[in-house]
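This is the structure I want to talk about, given as structure tokens.
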Amino acid sequence: MLEALKQEVFEANLELPRHGLIKYTWGNVSAIDRKEKLFVIKPSGVSYEAMKADDMVVCDLDRKVVEGKLNPSSDTPTHAVLYKHFAEIGGIVHTHSTWATIWAQAGLDVPAMGTTHADTFYGSVPCTRYLTQEEIDRGYEESTGDIIIQTFNERKLDPLAVPGVLLHGHGPFTWGKDAKSAVMNAVVLNEVCKMNLFTRSLNSFAEELPQRILDKHYLRKHGKDAYYGQK
Amino acid sequence: MLEALKQEVFEANLELPRHGLIKYTWGNVSAIDRKEKLFVIKPSGVSYEAMKADDMVVCDLDRKVVEGKLNPSSDTPTHAVLYKHFAEIGGIVHTHSTWATIWAQAGLDVPAMGTTHADTFYGSVPCTRYLTQEEIDRGYEESTGDIIIQTFNERKLDPLAVPGVLLHGHGPFTWGKDAKSAVMNAVVLNEVCKMNLFTRSLNSFAEELPQRILDKHYLRKHGKDAYYGQK
Amino acid sequence: MLEALKQEVFEANLELPRHGLIKYTWGNVSAIDRKEKLFVIKPSGVSYEAMKADDMVVCDLDRKVVEGKLNPSSDTPTHAVLYKHFAEIGGIVHTHSTWATIWAQAGLDVPAMGTTHADTFYGSVPCTRYLTQEEIDRGYEESTGDIIIQTFNERKLDPLAVPGVLLHGHGPFTWGKDAKSAVMNAVVLNEVCKMNLFTRSLNSFAEELPQRILDKHYLRKHGKDAYYGQK
Amino acid sequence: MLEALKQEVFEANLELPRHGLIKYTWGNVSAIDRKEKLFVIKPSGVSYEAMKADDMVVCDLDRKVVEGKLNPSSDTPTHAVLYKHFAEIGGIVHTHSTWATIWAQAGLDVPAMGTTHADTFYGSVPCTRYLTQEEIDRGYEESTGDIIIQTFNERKLDPLAVPGVLLHGHGPFTWGKDAKSAVMNAVVLNEVCKMNLFTRSLNSFAEELPQRILDKHYLRKHGKDAYYGQK
């Protein structure tokens, strides 16, 4: 069942330690088959060395396991909520990558301070508020998804133009058209978090990127007249 | 004698350079056989490249060598004290890992500022005071163990819920149910020390994690209703 | 066509990830054949794992593709402008390397604070201003080249003595007598950006290197009486 | 001639990139045969990939080349001065390692803030003053040696107890009983420079290690009653 997608999700999971985004089992990648309304996700707490493509778990959008011998990631309900509400995304990544987690712990939005950011994120990456006791009791992982949706709605953000978020005190989620691009967005977010922290440390008056440069860089890669890469 | 445990301790020692926690021979791992009341520890000052499982040294809880051609780690008396007083732990790790050592040199407890911390340590990781001249003269390494026990007693900390400590001006000790989990706790402690340092540098008003999130994350992994990982 | 130069540019491109200067495809190297007035450059957005020497694209100084199946780097017009105006350079590198990009985001010139800098850059490495809307509209990548030339002219800098620049909010360009030395200059610039940031963080009163030491180090490697290395 | 020492120096040079202390050719190791009054040193500007044991250059204490096809390191006169005045040292290392160079650029002595430092350096590692124009004109590399000797004399430091120094605006020299231990001291110095920088950044009131702990750690490894390691 969904063998090609399992292989894709498996390989995207292995990208996380390769890019230095995770230690041990602290991360997970999923990807969705929109036609079947099923997504494939990493099993919970399984080591990357032992994991096989066949260990990936298939879930439906109510986060019920449809196929798989192992428990899915404990963050599965968050993935399910994101797939439900962000209709155009195809893959999701959660990590505790060092620099993005630092901004999450600091409780700050990540401002667009350079073109490395602008090439991928069209404006600030938002940081959510903490969950309330009530939200935790209702279901921590599902409420985590809800607070992300709420944050994007309140700020009127397009999840494709800003493909990531920080959870206050926790860490980043990123997404993309598929698992692979969600991983790339996780790499970018971690890197710009590192760069921006030290930019402000070097020059506390450092400005955000002017809007005209943000526009130019985002649009030369993502707009309808994009001219980066190969056709 | 205790061949399986020697192999386990040997492999756990090799994990230290692999995770970037030590340079040269600056670290040691041990594990205990509670039935035999004997623990196995790395020999002193032997390089990781040359070391073999068979070089591990077997000691009793009075830290006498029971088997082994080599001198045990000079920190052996500290390990013995910890095994004596923390009856439920099975493995111990000492390193000079960069970021944990920085907090030890700064003489500060490590506050729980994120869920990476909360997944492993249920609250702040304490930093001990310096040893007095008298304590040093009585036996430096044994007194090091004593000051750890004293710190946990005074603060009424459960060593399983907070499986690590910083020694002021020195570095971290961590422990766990076995050698492998003690190493993992060493990795986590070093990582949260890095994250927390830069979190405060980025936002000097950054708060500790709210108690409700600390509870949720610690308990979803360690409480009796834990649901992380596989059964 | 220019097979040897393609091989050289290909290998220099592979040096970038090896030195930790880039992630994914965020960088490009080119080199020029001054007799043929043609330069060879990396194709746009092609992964380093898949890339072959034969994928390199040959362009003329009006940045028209002369040979190649793939689109050249989107930064090709910047390379063309630099080759036109800096008559003595043979290779160019663009990266988003972490520490040089941090200084670019901070909008600051990189002062010569040590001999690591002085061995390669004879004085501060300048940071350009942002491009105006008009300059962006006229052609972003070409204007990027123009602003570099303008910066060097205004400050009366010799591009061989100061073989690099930062673009405000973007990142570094470096160059050299060939592709290989342009890569080395990119490595040096990134490293001195890291060192200088932390030097100032450690001692906010830290001075620039005295002129006499700057002279000595630059000239023992680059002057007519240079005595570093082998003849 | 001195084939065993050449092999030793060659291997110690290769340790530098392996420990992340140098990039390209920015470093050199030498070792002396005290009976023959000859030392073996890395050739100048030769890449570590291409270098062979046989390329090492043999020099006398007046830094004349006694054997070797290649030019010796441009820092050879500094090594010669150190061997002449520090009669008990057997090996010398020079690098531009990131964190030690940062302290050198900051112009600050490295205080003993932890036991990682105390295990190797018995007190602060001094930073020299800049050379004067006259000293540079007289011979830059030889004067560099002289200023190190002068610094140790003025401060009444024992070069075996404090086996390293920082040159203001330049970087570290370390030494030891042989090439291998000089490399280890270079690794330690770089690491404590990193730790101390961030210790002060985390807690600007962080103290130096109390004298009693400094004594204990240095002497358990180096005093006549040392008990660290194997006999």
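Brief remarks follow.
A, B, C and D are the chain letters, set down in written order, and residue numbers restart from 1 in every chain.
Note that a residue touches a chain if its C-beta (ideal position, glycine included) is under 8 Å from a C-beta of that chain, and two chains touch if they have at least 3 such contacts.
All values derive from a computational prediction rather than experimental measurement.
Contact with subunit A and subunit C alike is made by no chain in this entry. Counting every residue number used by either copy at the subunit C-subunit D contact, under half are found in both chains. Superposing the C-alpha atoms of subunit A onto subunit B requires a rotation of 90 degrees, rounded to the nearest 5.
The greatest centre-to-centre distance from subunit C, using averaged C-alpha positions, is reached by B. Separating the CA-averaged centres of subunit B and subunit D is a span of 32 Å. If each chain is reduced to the centroid of its CA atoms, subunit B and subunit C end up 46 Å from each other. Each of residues 201 in subunit A touches at least two other chains.
Taken pairwise by the contact criterion, the protein chains form one closed cycle in which every chain touches exactly two others. Here the chains touching each other pair up as A-B, A-C, B-D, C-D.
On subunit C, the positions that touch subunit D within their shared complex are 19, 113-116, 119, 184, 187, 191, 194-196, 198-199, 201-203, 206-207, 209-210, 212-213, 216, 220, 227-231.
By the touch criterion given at the top, residues 23-24, 26, 43-46, 70-71, 74, 96, 98-99, 101-108, 130-131, 133, 136, 140, 169-171, 197, 200-201 of subunit C touch subunit A in their complex.
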